[in-house]
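Each of the next two complexes has chain A plus one more chain, namely chain B in the first and chain C in the second.
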Partner chain A sequence: MATVSLKNINKTYANGHQAIENLNLDITDGEMLVLVGPSGCGKSTSLRMVAGLETITGGDLYIDDVRVNDLEPSERDIAMVFQNYALYPHMTVFQNMAYGLKNRKVPKDEIQKKVEKAAEILEITNLLHNKPGQLSGGQRQRVAMGRAIVRNPKVFLFDEPLSNLDAKLRVQMRIEIKRLQQEFATTAIYVTHDQVEAMTLADRLVVMNEGNVEQVGPPIELYEKPATQFVAGFLGSPAMNFLDASLNGNRLTLSADVVLELNDPNLPADAHDLDVVLGIRPEHMEACEEAEADFTLSVDMIEPLGADTLLYGYFPGTESLITSEQPGKQQFKRGHRLALRVDRERCHLFDKATGKRLGS
Partner chain B sequence: MHDNAVFSHKVLPFFLLAPQLIITLVFFIWPAGQALYQSFLIEDAFGFSVEFVWFENFIYLLEDPEYWNSVRVTFVFSAMVALVGMILALLLAAMADRVVKGASAYKTLLIWPYAVAPVVAAVLWWLMFNPSMGVLPFWMDAFGYDWNHYVNSGEAMTVVVIASAWKQISYNFLFFLAGLQAIPRSLIEAAAIDGASPFKRFWQIVFPLLSPTAFFLLVVNIVYAFFETFGVIHATTLGGPGSSTKTLVYKVYEDGFVGLDLGGSAAQSVILMIIVITLTVVQFRYVEKKVQY
Partner chain C sequence: MVENRPWLTVTRHLVLILGVFIIGFPIWIALVASTNSSSEFVSGLMPLWFGEEGFGNFRRVLTNEERVLGVSVSASWMMWNSFIMAMVIAVGKIVISILSAYAIVYFRFPFRKTCFWLIFLTLMLPVEVRILPTYEVVASLGMLNSYAGLTIPLIASATATFLFRQFFMSVPSSLMEAARIDGAGPFKFFKDILLPLSVNNIAALFVILFIYGWNQYLWPLLITTDENYYTIVMVIKRLMSAGEGNIPWNIIMTTTILAMLPPVIVVLGMQKLFVKGLIEQEK
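Here is the complex of A and B:
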């Protein structure tokens, strides 16, 4: 049971590189907060600062309202699951899980009980006397989880724990992590670069870019109302299409032939030839009759995925390659001319200069 | 897939192997055979008569208290060279592993002594420890200690151990550093989160992971101390004072080439051969199997 607060956290390395700039986050009790972003965005550094593995060069870090900036990692009552699991190779699974308890002088019979219980939850009881070298990737992952839960810490920290697993196992372990975290109701911070992992695990999602927070919120909110063009492009697969356009009131000009009339009262009424970027997800362009279409896409490449088919082509009159997602049952051929209608309700407009969202 | 390379020509493989085989035969097998044969002979000092005596040389050796003294000296010497060399190297490697700035310069400097020939290393230390002109005895004198390794056997042993170990530190350092750098940082971080003090982290996590390296180095260092330190001893103490630094290899030389007891000297070489073969077997057997995690 714990809360974690980051107040104006800064990280500047000795060489002058600023990895984190004024990071403010409040993680409520029992919440799973996921930090997501491209590599180098500072998400791992932030996590390592919470763990105490990286010094904090500015700001304050609180766990349960206690300032922990200057506490050793072991004094912060956190547990961390590493990307490479970081199991001690010369110790058995039991010893690996017991090590933290042993260092904290927990009585032997209590250690035995706790490790056995954790092993039972994770279904690794039969592996307790094996060494990590004899285990598969998925089993090692379980042991790493076991080492974290056996101590019943205030906060779980996950540093890309699933990225060394194959795709199938990753989905399975993802569900398991979610289940465990909810069962223990332990506050958790989870770092990943995989947006699917981020969307599925998070209670709240933090999208980071170049040391700054772009947006914080529940995953669906970020998906439906991305605050910046970066968030819009980062979340969702296949990625959102972006088209340069100019805005006059509610009139959006995409090219000489394609002009959309939007109906958004929150758009700046005084917009006059404002340079904007239209963001539209591939699934929000509907195939329709030629007469109702906003534009026709000449299909250049086709990727059938089974349930859906992805169609790629150049937006007419521009050099922007866009993607459209259509139901998989329909057959397409290269060169097919597809009449498409843009869902007005799901258009995202971003200021081209600032990347910030315009309108509602 | 073929497991074996296939040669159409019958003679070619032998030609290709010939250089290595000839070198091994001429420089290793032949002298070893000669030593073995020689060890069964007693020859008078002037080479006028030779007698085949089977194991008499060996029996004489094993009953000779001088020989057993040399065995004892060798073991003490080797153990000390290996321990001093490895402990200092581990210490230096652990520190070099943390260095961020100028790491490569630091490492290069530490590796230099390995390029120094054993005799040169010995002469360096011999000069520094020289009782009449050395700088170290001069300083020790300031503290009221009278250093003279020409008369004090403990001091003589100290000089040869330091001169031998100094050279070996570089080699050990390289292996320990490579071993340390192969340990993922996250393991040590995990241990830190698990509440292990820096001391515990080293002894319970890092050191066990270095144990294969340490065992390999132990064997290499012992072999080095046994067989490659002749130059050091010859340049500093000449095995003295008395026989206090006369190792087995030095005794082979002294008995054979100074004392001209060729049969006895050859018998000692044969025993040394057996020792080195044993050490090699131990290394191959255990390095890969026992000291594994």
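Here is the complex of A and C:
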């Protein structure tokens, strides 16, 4: 039960490299905040600063309105789950989970009770006397979670906890983490580079890039209204298509043959030959009759995924490779000419120079 | 490699048998000689089969009956000296080097790298090279003829520090971070996490260092004049150079066998941990 607040947080390394620039985030009580971004974007550094494993070189960090910049990690009442689990290899599962409590001088019988309860929640009671070396990846992950929940901390911190698991287990554990976090209603910060994980787990999502926050908001909002081209390209799989275009009022010229009339009152009315980037998701281009089509795509490569089929081809008259997602029941062949219509309502326009979103 | 080439098998076995012979024959000679009486050696030839003495030579050497060793102390006393020396050196080296490696790997302090390289440089200065200055220091501190003098100058060890440093660096840093979050300070982390993880390495090092300490010859020879501090290795050499051409081979070989025993016991006893410590990395 806690709030976490980052105010103008900066991190500059001794070699002068600035990893985080003026980070401002407010995490409300019981919220699951997910930090997502490509590697090197500063998401792990931010998390480690909250944990106290990394010094904060500027700004203030508050947990429950107490400034914790100078507190040791153990004094911040947080628990962290690491990517490689970081279980103590020579201790049994029980000892692993009890270690933090033992160091806090919790009475023995209480430790016993708490560990057993946490083990029950995570269904690892039968593993309590095994050593981590004898456990599978998923079981180790559970133990790592158990070590976090047994202390009932103010904040859970997750540092890419699922990236060492295989795909199937990852989905299973993802659901488990969500369930646990909701059950305990504990404030949590979760770092990942996997956008599916980010979308599914987050109450609010923070997309980071090169030490800066690109956008903060509920996952669906970020997906539907990405504020920058970076966010648009990062979220969604398969990734959004980007096409260079020029904008005149509501007229979008993609190539000599392809011109789209948009109907967005919020576009800059005075736009005159403005260089923009059109973002359109693969699932927002519909197959249609030749007559209604905006353009035809000559299919170059096909990836059947079962439920859907991904079709790749060059946008006519350009060298931009684009992806189209079509229902899987239809059969396609290489060289197939696919007539496509762009969903006007789901076009995203970005200023080519700044990468910022244009219009609504 | 599973191959069935008879001549290769034969050659392989011949090479191995030759190796066993080269190692084993001198030990056999020593063992046989220790059971013969001194008269068997007058001809100048080594007997190749057990003699009449049985354990008589051992009894005489261990109790120094009739001053067979040419000194006033018995072999059992000298083995005790050797044991103390080997133990203190092995334990001392491990304690000092594990602590310095811990400091070098886990703490950020000024001139950390310099410290490491200074330690590393001492690899170039083994006892034999710095023996005169070291003697001077030990003499001025009044540590001649003492256990402290026998052991302390040999305790600092770059090799062991280096080995622990490499091992600590292979321990994932998240383990230390997890311990910090779990409320373990530097000392607790060392005691609860690092030390238990290092057990195999410690065992492997102990075996090597115990033998190193036990086999010391030059240093104890230099700083002990009081026979009460003689080590078993020293006396073997003394026996050989003793006297009027009549070298007591049976006594020498008996002492040799005795001197060989403790290292063998240590190796056999710690074999499993020793091998683990040398090969096992991450679990």
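Note that in this section the second predicted complex is superposed on the first by the 360 of 360 C-alpha atoms of A that agree within 3 Å, B and C clash if a C-alpha of one lies under 4 Å from a C-alpha of the other, contacts with A are read in each partner's own complex, and residues count from 1 in each chain.
Simple rule for what comes next: a contact is a pair of C-beta atoms (placed from the backbone, for glycine too) under 8 Å apart; a residue touches a chain by one contact, two chains touch by 3 or more.
Please read all numbers here as calculations on a predicted model, not as lab measurements.
Considered on the superposed chain A, chain B and chain C are sterically incompatible, since they clash.
In the superposition on chain A, A:Leu71 makes contact with neither chain B nor chain C. By the touch criterion stated above, A:Leu310 is placed in contact with neither chain B nor chain C.
Contacts of A:Val196 after superposition on the shared chain: neither chain B nor chain C is touched. Of the two partner chains placed by superposition, chain B and chain C are both touched by A:Tyr99. Look at A:Val171: by the touch rule set out above, it reaches neither chain B nor chain C. Comparing the two interfaces of chain A, the one with chain B and the one with chain C have residues 51-53, 72-74, 78-80, 82-84, 86, 88-90, 99-100, 103-104, 133, 147 in common.
Looking at the complex, you find that chain A touches chain C at residues 51-53, 72-74, 78-80, 82-84, 86-90, 99-100, 103-104, 132-133, 147.
Considering their complex, residues 172, 174-175, 177-184, 188, 192-193, 196-197, 283 of chain C touch chain A. Chain A contributes residues 51-53, 72-74, 78-80, 82-84, 86, 88-90, 99-100, 103-104, 131, 133, 147 to its touches with chain B in the complex. Contact residues on chain B toward chain A in their complex (touch as defined above): 184, 186-187, 189-196, 200, 205, 208-209, 293.
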